[in-house]
Amino acid sequence: MHLITLAYSGTLRDSMKHFFESKRFQTIITIIIIVNSILIGLETSEVIMIKYGSVIDLIDLVILVLFSLEIILKIFVYKLSFFKDPWNIFDFTVIGISLVPAAGSFSIFRALRIVRALRLLKSIPKLRLIIESLVMSLPSIGWIVVLLSIVFYVYSVIGVSLFGELYPEYFGNLGSAFFTLFQIMTLESWSSAIARPIMDGVPFTGVYFVTFILIATYTTLNIFIAIVVNTMNEVALQNLHEEEQHIKDFVSQENEKLKSQLNQIQRQLEKLNNRTQA
Amino acid sequence: MHLITLAYSGTLRDSMKHFFESKRFQTIITIIIIVNSILIGLETSEVIMIKYGSVIDLIDLVILVLFSLEIILKIFVYKLSFFKDPWNIFDFTVIGISLVPAAGSFSIFRALRIVRALRLLKSIPKLRLIIESLVMSLPSIGWIVVLLSIVFYVYSVIGVSLFGELYPEYFGNLGSAFFTLFQIMTLESWSSAIARPIMDGVPFTGVYFVTFILIATYTTLNIFIAIVVNTMNEVALQNLHEEEQHIKDFVSQENEKLKSQLNQIQRQLEKLNNRTQA
Amino acid sequence: MHLITLAYSGTLRDSMKHFFESKRFQTIITIIIIVNSILIGLETSEVIMIKYGSVIDLIDLVILVLFSLEIILKIFVYKLSFFKDPWNIFDFTVIGISLVPAAGSFSIFRALRIVRALRLLKSIPKLRLIIESLVMSLPSIGWIVVLLSIVFYVYSVIGVSLFGELYPEYFGNLGSAFFTLFQIMTLESWSSAIARPIMDGVPFTGVYFVTFILIATYTTLNIFIAIVVNTMNEVALQNLHEEEQHIKDFVSQENEKLKSQLNQIQRQLEKLNNRTQA
Amino acid sequence: MHLITLAYSGTLRDSMKHFFESKRFQTIITIIIIVNSILIGLETSEVIMIKYGSVIDLIDLVILVLFSLEIILKIFVYKLSFFKDPWNIFDFTVIGISLVPAAGSFSIFRALRIVRALRLLKSIPKLRLIIESLVMSLPSIGWIVVLLSIVFYVYSVIGVSLFGELYPEYFGNLGSAFFTLFQIMTLESWSSAIARPIMDGVPFTGVYFVTFILIATYTTLNIFIAIVVNTMNEVALQNLHEEEQHIKDFVSQENEKLKSQLNQIQRQLEKLNNRTQA
């Protein structure tokens, strides 16, 4: 496939590919991202905005154009294979989100421009590695999250049915019940603000909160354990395999000595045999 | 025993058993559980209840009849051995709880219908496995829980004796003291809402709360460690056994070479021996 | 030494020793402790106290006399070696604390009678093991606790100097500062109740709280890690030693075969040698 | 280099070096630090200050002079190599901070005198070891901290943009947003005091807080796991290497026996060979 692309994309595309993958280009992009992130951060200060607002907005626009150009050129160069790398999709999404405020003027979209700073996660190799390993360990906890979701759903429905009318702030509908249960799972004010006031109104509700906490924390504990065991296991397995190899090497090397001695014996025997035959 | 049941249960029971254990039946049941769970969730919305309440109630009734039928038929097919599988007892209990609101009209029982969603934990094999492993690791923490209970009991009695009269909300009786200590163990508002107000009224009580927190968190920490060590240990042991087997295999394979060489020597010696005898 | 004690202590002391160490005696004591604990728990209920207060007090007194007798007899039997077992000192202290309220009438001492329930920790072998292992893992964290104490001391002194005058409730003196820092370490209301109000009065104090939290949680994290690593290590070492032994056994058993084959060769050679000599 | 210093520094410098490195000197310094720390602690009590304030201040001054002298003499003795040991830089900084309040009279600097107590971390060898191992495990978490900082920065900027005007206390500027996010990361009052009030004013903000908590706790969890795995790994590797050595030793010792048997066989063969030759 590489040969085919070469054939009809010509020299320009090749040299651009070379440029995009050069260390120098990576460094420039990283610096631009950092500068851009700092500028967007400065915009949160009103004093600075009044003084330098227009300059910062201009630089921001230039950088956004540069980033957009980078993506467009990359798509031109790598074509559809551009979208095969999850990191490229990440870049594409981040720039896409940044382009929205250029069009509209909703403060929420303006706020989202800062997600461009997340491009650093891709540009700095060490961070990229950490992100990749964090994402990699997600599947091992996937089913526990499903389990936790079912527990959340069941407790939400019970919560809305029992406390929904009296405490709409916490259990008005499934959405607020989910949020409340998330708060309870983090143990934040679960008793002083939620459980105790409700227990005054509805008897025997202590059971609801205590069982939820026990189940939720025990389950999240197991999410945690799953990750620890997974990570440790990989490291431990590697160590074990190395040790295994060392022992094997040692055994075969020791046996090599025995073999050479046996060979000597065989030669001696052959000599003896030849002599007796003669 | 299998042969005997076959003998007097006839073909109907057999084909039903076959049907119950088929992948297709499992999938249908799983889908019904999911549909049912969503419907019960929808019932928490008043708007939906006003519009579609009667339809949802009807479908819910049909599904409950289906589930009850499933259990009844399974008991007919598997007889008493049905109750030997803990998961069947789980199903039986869940459906039993769901049947209560059909009779009465207490909102608490109506709320409990959602426990049917928990049948998913049995229907989805991955979840089933996780639940089983979670339950399996419970015995390893059993005695630490007994220890924690004794600590809770002792601190409850002391709490009621010392603070019961002045702070009945937190230490009015053993029940509320248990709940308060549970709240303190989760560290929720233990100082701002409980310890500090009480310390103003009763001097030297800081010791009560601080020692309880130290003991309770140290003990729960050890519950946690017990689970981690148990889980890691199983994995590590398996790895070690595999490594052991690899080394053993390698050693015996290496020695096989030595043996074959020794065999050659023996044959040479025999030849020599024969010749000298001749 | 055992023979010497036998010599001058006579048959009575021996048979009592035998009785104290019998399974039956242990069970009786355990049951009495449980009954006693329940009774002291019942005393927290006013209703029960009014009705059965005198009966419960009588039983309590009888049990206390029994326990005291047990200790006295044990000291008579085991003499000074009684105090060599930390568990005996534990029993002695627990009964000692219980005897105080019999004399005075301070409610605090009355409350402390429940510590007798802690004797269960000694009577039930499983709990005894857990307690022993919990206590055993304390030394491994000893020095980290010293380190944490120094951190607490330094932050307490700084806290009293900076905030003592304005916020005497939290930092009035070293004692209250210690309690406040303990509360902050548990992260309970550290910001909403303590840091934010103080930050309004004294600028740049966010650094004080944030650094303390980072240092304290990082250090306690390492207490935790020390225990996990210690526990895991013991288990892992045992597994490794077993594996080592298995491999060694296998190697020596394999080599035994080689040796026996070598022995055969030697015998053949000897035969050959003898024949050529002849 | 050592010889050269000897040459022109003379006997005085040498004997001082000897003195500084003696166990006796270490002990004296440790005792002085402890005494000094207790005195500074006593100064937090007004009652004691009124009675003994002048005496304590005098002793404090004497100790400060002693400490300063120690540093000056050490710099004289070790010259620039004094600053090569991080612990010396630590001492130098601690004494430096202590010298400021002697000049000015700001209470904040007066409060900082207690940092001298931190010199204990250097004087007590066990603590020194723990500190060193704590610092050593920092690099393994360095990049995760960078990652966490980026997450903090992005959420701070979004927070200021969205909630800055309405909730200046929590999100008035980047600094307060950082502090608020730190508070949320510790889960303290994140919902009852921050998220719920803001959610009333700005819709869909639950997502902001919940995603931040999930990302921040998942990332800190991985900081924790990194440390555990690192520490365990070191211990495990050492054990594995020991086991490896044991097995190797055993194998070579077993093979030694085989070799000696083979040597015997070779000698027998040689004898046989010689005889047949003769």
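Things to note:
In order of appearance the chains are A, B, C and D, and numbering begins at 1 in each one.
Everything that follows uses one rule, which is that contacts are C-beta pairs under 8 Å (C-beta built on N, C-alpha and C of every residue); 3 or more make two chains touch, one makes a residue touch a chain.
Predicted model only: the values in this text are computed from it and were never measured.
At the interface between chain B and chain C, two copies of one sequence, fewer than half of the residue numbers in use appear on both sides, so the contact is built from largely different positions.
Distances between chain centres, each the mean of the C-alpha atoms, put D farthest from chain B. Per-chain Cα centroids separate chain A from chain B by 29 Å.
For the pair chain A and chain C, the distance between C-alpha centroids works out to 41 Å.
Residue numbers of chain A whose C-beta contacts span two or more other chains: 187-189, 228, 232, 236, 240, 243, 247, 251, 255, 258, 262, 265, 269, 272, 276. On chain C, the positions that touch chain B within their shared complex are 37, 40-41, 44-45, 107-108, 110-112, 114-115, 117-118, 120-121, 124, 126-127, 130-131, 134, 169, 179, 182-183, 186-189, 193, 224, 227-228, 231-232, 235-236, 239-240, 243, 246-247, 250-251, 254-255, 257-258, 261-262, 264-265, 268-269, 271-272, 275-276. Of all residues in chain A, those touching chain B in their complex are 143-144, 146-147, 150, 153-154, 156-158, 160-162, 164, 173-174, 187-192, 195-196, 206, 210, 213, 218-219, 221-222, 225, 228-229, 232-233, 236-237, 240-241, 243-244, 247-248, 251-252, 255, 258-259, 262-263, 265-266, 269-270, 272-273, 276-277.
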